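Below, subunit A partners subunit B and then partners subunit C, in two separate complexes.
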Partner chain A sequence: MDNILEVKNLNIDIVENKSTKSLVENVSFNVKRKGSLGIVGESGCGKSITAMSIMQLLSHPLKATKGKIIFNDGSKSIDMREANSNIMRKIRGKEISMIFQEPMTALDPLFTIEEQIAEVLKFHTDLKKVEMKKLVLEMLTKVGIPQPQRIMKNYPHQLSGGMLQRVVISMALILNPKLIIADEPTTALDVTIQAQILELINDLRSSYDTSIIMITHDLGVIAETCEDVIVFYAGQIVEEGNIMDIFHNTSHPYTKGLINAVRSLGDKETELFTIPGTVPVAGEFSKGCRFAERCGEAMAICREKEPELMEISPGHNTRCWLYNGGDTNV
Partner chain B sequence: MSNPILVVENLRKYFPIKEGIFNRTKNYVRAVENVSFSVNERETFAIVGESGCGKSTTGRSILRLIEPTSGNVVYNGIDVLALSNKELRGLRKEIQIIFQNPYSSLNPRMTVKKLLSEPLENNYKLGQKEIQEKVESMIDKVGLSRKHLDRYPHQFSGGQRQRISIARSIITNPKLVIADEPVSALDVSIQSQILNLLMELQKELGLTMIFISHDLNVVRRISNRVAVMYLGSIAEIGETEDIFNTPFHPYTEALLSAVPSLDPMVKKKRNILKGEIPSPINPPIGCVFQTRCSKVMDICKKKRPELIEIDKNHKVACHLY
Partner chain C sequence: MDWFKTLIKEIAKVIKGLLKDKVGRIGLIGVLIVIVLALGAPMIATHDVTEMFAKSKLKPPSGDFLFGTDDFGRDVFSRIIFGARVSLKVGIISVGISATSGFILGILAGYYEGKTDGIIMGIMDVLFAFPSILLALFIVSVLGPNLTNTMIAIGIVSTPVFTRTVRASVISVKSMEYITSAKSIGLSSIRIILKHVAPNILAPFTVQATLALSSAILTEASLSFLGLGIQPPNPSWGSMLSDSRKYMELAPWLAIAPSAFIIGTILSFNLLGDSLRDVLDPKFKL
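On to the complex of A and B.
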């Protein structure tokens, strides 16, 4: 198998006030070995919970209710949804690691930076104390933390936002995992340090054959690090393909809207472009296309029937009636 | 235009480093060193610069969420550093901060409704109904749903939390907002929606904004003036278009060369800065940028350059000029 990860028909539900709503619906994608997959999409559309479900980190009231998450490290293949917590603990941090969107979710305010990074090493290796210290220091240097000797003795509140983000990146990279799930890894970093981190991630890929899932709002970061992209909207994949497909043959009106919003930043005269309206709340999707309310190209059928994810050219899929026979199908 | 609402003079923040068994202060992290600027009414004043250079510390010191070591902060004629705690609380009606990290700044035990109504209850004599109306209209404006009002912060996505934090800060119609990376977690369409909202408030209610951000495209688009910080000091300050069109300081030049292209397919060759970042504990004698500057001269290692005006409203701290 040449995929390190295969997610098939994943559903994530939320149980609230005795009713069940679906937050992520029927999501399937593959991450190629040594490959890099970018995930973009509207804020709140389900990117982070999809990532957490891969790591089996969802907790009540969120639950993955359907689907398979097959991780194949090259020699064996396991379905993460069926793995017990013992196996998962061994996999997390070592085989697959996650860079969390908000650094403080992964850090404990009561421990120093050194103690927290060393904890990962303690659990997965039997390195001696001095060796651990050396590794921690090396890793902090690689992510561009100035005076790592001093900073590793600090507590989280003594670090700036971007320094914390780099600490969390160090924790995720220190054991050279086979798959890295990076959830908004560079949002708190200035452009020069961002460039350095992306270079580091690209280096890891070529030296250790690491695969990456990169969740980000920054289309420039996607263009720089990813080969394939999936676009999420309201808990579904609405478009997927390689970066040329997504950026140069953009098909779905939502993806087009995102790209327009980026472009409009360059024009000081007009109001910034936004996609009109707001994303529907989970459990209240209308019967047609979930984007129809906000779509400038919506047709009659769009409000009636939900479009399927359809292949429009090899490897390039889109969930939109414009590419699917349109009104003639009603 | 030049009607400063806020004047910051020689602001310093040194964090003590305690060491040894007696916990003695041996040294200081000089996070903010002699920073001066003024912000005009209704303008957006941006602060940019390398991660860890002291932007958040500067923002927090203005409101005394961190007590500055020395300096002057004058808001609308009020000497902020001389205020008693009680007077300071009064001032926080007018000045609000949007924190860089909404995860730790939102009280996890409050629902969104409570988070948004609390600042109104504390500061204004409004009826329940008025409060509810304001809360609902604000939640719409930041692109969330009224259905979300009874949820707690942990039940949201990162970008949703960031919007709750923005809503909480602007719901009382403050005069000055210190926004620390307010849109970093938002997708571009919602980011635009929030930026349009802030610009609208500026037009309608005369909001003044200090905007701290790494996103130089956003900064260029929305700010009137920019300060570029490096290792605790201002390297360059001026009108936004002047800074972006004719950057003087070598650090500003390097920073701008790394701005990602608005076209995701154009891969730019970024100019990654080489050289050691000096320690904020023992900053070098002379210019703080000397260890990484491509144009470094002898004098740069001896004398700290002062921030001087070399073009209209455009100041730079560099011996080249």
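On to the complex of A and C.
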């Protein structure tokens, strides 16, 4: 099997007062071994909770209700949804680890950098204190922290956001996990630091042979780091393919809109391109295509019937009636 | 012993912060005075608390009897000093009871939410619905009036406040990314609670404990005033105040001395708590 992670027909619901709303519907995707998958979408489209569900970190009222999440580390495959908490705890941090969005809050303010990184080692290994310290020091050097000897004695509030994100990355990588889930790792950082962090992630990924899932709303980040891309809209995958498909052979009007929005940024003559309207609220989707209300190319059928995800070229799928062979009378 | 050193260092930092603040300074000094009085009571007191001087009943303050004497001819000053022992003991033990149970219940309710939360907070809301003195009265009259039962009653009565404070802080800490991060590196719930949740809610908890101490002392005084707390001839500020009513016009010092001490002690603890809140607030650090 050359996929490290296979997600099949995943559904995530929010259960409140006995009413159930579906937040993520029928999502399937694979992460290739040593591959990099980008998940892109607006805020609230379900991309972060999809990532959390891989680690089984969803808490009440969110729940993964259907589907399979199969993690295959080469020797054995585990369905994460059925794994008990003991197995899960051994996987977390060791086999799969996460990089968080807000480095400022991702570290406990009461412990030093060294203590927090060593905590991962303490739980997953039997190393002695001295060895742990050596490893922490090594890791901090690898992520490009100057004077790691001094920095590791510092508390989180004494470091800048970019430095903290490096610490978080070193925490995620110290046990050499097989898969990293990066949930908007650069969103809270300023642009110059963003570039450095992305470069760091790219470098470390190739030297550690790790797979990565990069969750972001920034197509620029996707372009920098990913080989495969899935585009989320309102809890569904609307387009998936490799990076060339997505950027040069864009098919779904939503993806086109996202790309236009980024492209118009550099153009002083034209106004910033935006996709009109807002994301529909979960539980209030119309019977047709979820994007129809905001779509410039919407046809009659788009408001009547929901399109399926269909293949338009090998490996490139899209959820849009425009590509259904012109058959609009269904 | 590394954590012990850090603890000492932290405590020293807090005390330094308290001394910098005018309100904190007054509170700290007041509390220290009460502690010294209670610990050194046998040395400070000028007479035996139960010794009756038949010839000098209801005498006004003088050189021999600093705060005068009561209707049995006992020295009020000595009784006040020994009363500080009772107050402090009741305060510390009953707050110990309520703080411990409130801490555990609050963490369970806040961390696990759902049904656990519903059951715990339901019980706490029922306890909260009673006026605290009424509930304490009820518990003491069921268990029987003595010092131990008074402390148990006050402990039960002030548990809901702790549970609520702790639960609210746990819920806010729980939503922080470092808790998700701790989960994502594979730590168990117990370890997350002990290592990352509990230390992070210690500040509001400490403040609550200081404030609860003063209300526990007040409740003990009220219970003793009503005759359900400390039983005579043992001295307690509340019972002394209660006994003074009969001679209010004849010997006002009997009422003034215990009142002044109750007010002073409670004010000191409240000021200390107030200042502690500022000192422990991370926004005021750096």
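Quick note on the criterion: the second predicted complex is superposed on the first by the 300 of 330 C-alpha atoms of A that agree within 3 Å, B and C clash if a C-alpha of one lies under 4 Å from a C-alpha of the other, contacts with A are read in each partner's own complex, and residues count from 1 in each chain.
Keep in mind that, in the parts below, contacts are C-beta pairs under 8 Å (C-beta built on N, C-alpha and C of every residue); 3 or more make two chains touch, one makes a residue touch a chain.
Nothing here was measured: the structure is a model prediction, and the numbers come from that model.
J.: Following the overlay on subunit A, give me a clash-or-fit verdict for subunit B and subunit C.
T.: fit
J.: Quick one: classify A:Glu271 as touching subunit B (first), subunit C (second), both or neither.
T.: After superposing on A, A:Glu271 lies in contact with subunit B but is clear of subunit C.
J.: Looking at subunit A, which partner touches more of its residues: subunit C or subunit B?
T.: B
J.: Figure out whether A:Gln101 sits in contact with subunit B (first) or subunit C (second), or with both, or with neither.
T.: both
J.: Could you look at A:Tyr323 and tell me whether it touches subunit B, subunit C, both or neither (first, second, both, neither)?
T.: After superposition on chain A, A:Tyr323 lies in contact with neither partner.
J.: Once the shared chain is lined up, is A:Gly220 touching subunit B (first), subunit C (second), both, or neither of them?
T.: So A:Gly220 only meets subunit B here.
J.: Is A:Val191 touching the first partner subunit B, the second partner subunit C, both, or neither of them?
T.: A:Val191 sits against subunit B, while subunit C stays out of touch.
J.: Looking at the superposed set of three chains, what is the minimum CA distance between subunit B and subunit C in Å?
T.: Between subunit B and subunit C, the minimum C-alpha distance equals 5 Å.
J.: Could you list which residues of subunit A make contact with subunit B in one structure and with subunit C in the other?
T.: 101-102, 105
J.: Show me the residue ranges of subunit B that touch subunit A in the complex, using the header's touch definition.
T.: 15, 48-52, 56, 100-104, 140, 143-145, 147-148, 156-160, 163, 180-181, 184-193, 195-196, 214, 216-218, 220-221, 254-255, 258-265, 267, 270-273, 276-279, 281
J.: Can you tell me which positions in subunit C touch subunit A when the two form their complex?
T.: 113-114, 176-178, 180-188, 191, 195-196, 199-200, 282, 286
J.: Along subunit A, where are the residues that touch subunit C in the complex?
T.: Residues of subunit A touching subunit C: 52, 55, 57, 60, 88-94, 97-98, 100-102, 105-110, 119-120, 123-124, 157, 168, 171.
J.: Quick one: which bits of subunit A touch subunit B in the complex? Just the residue numbers, please.
T.: Residues 40-44, 47-49, 101-105, 146-147, 150, 158-163, 166, 184, 187-196, 199, 217-224, 243-244, 247-248, 257-259, 261-266, 268, 271-275, 278-279, 281 of subunit A touch subunit B in their complex.
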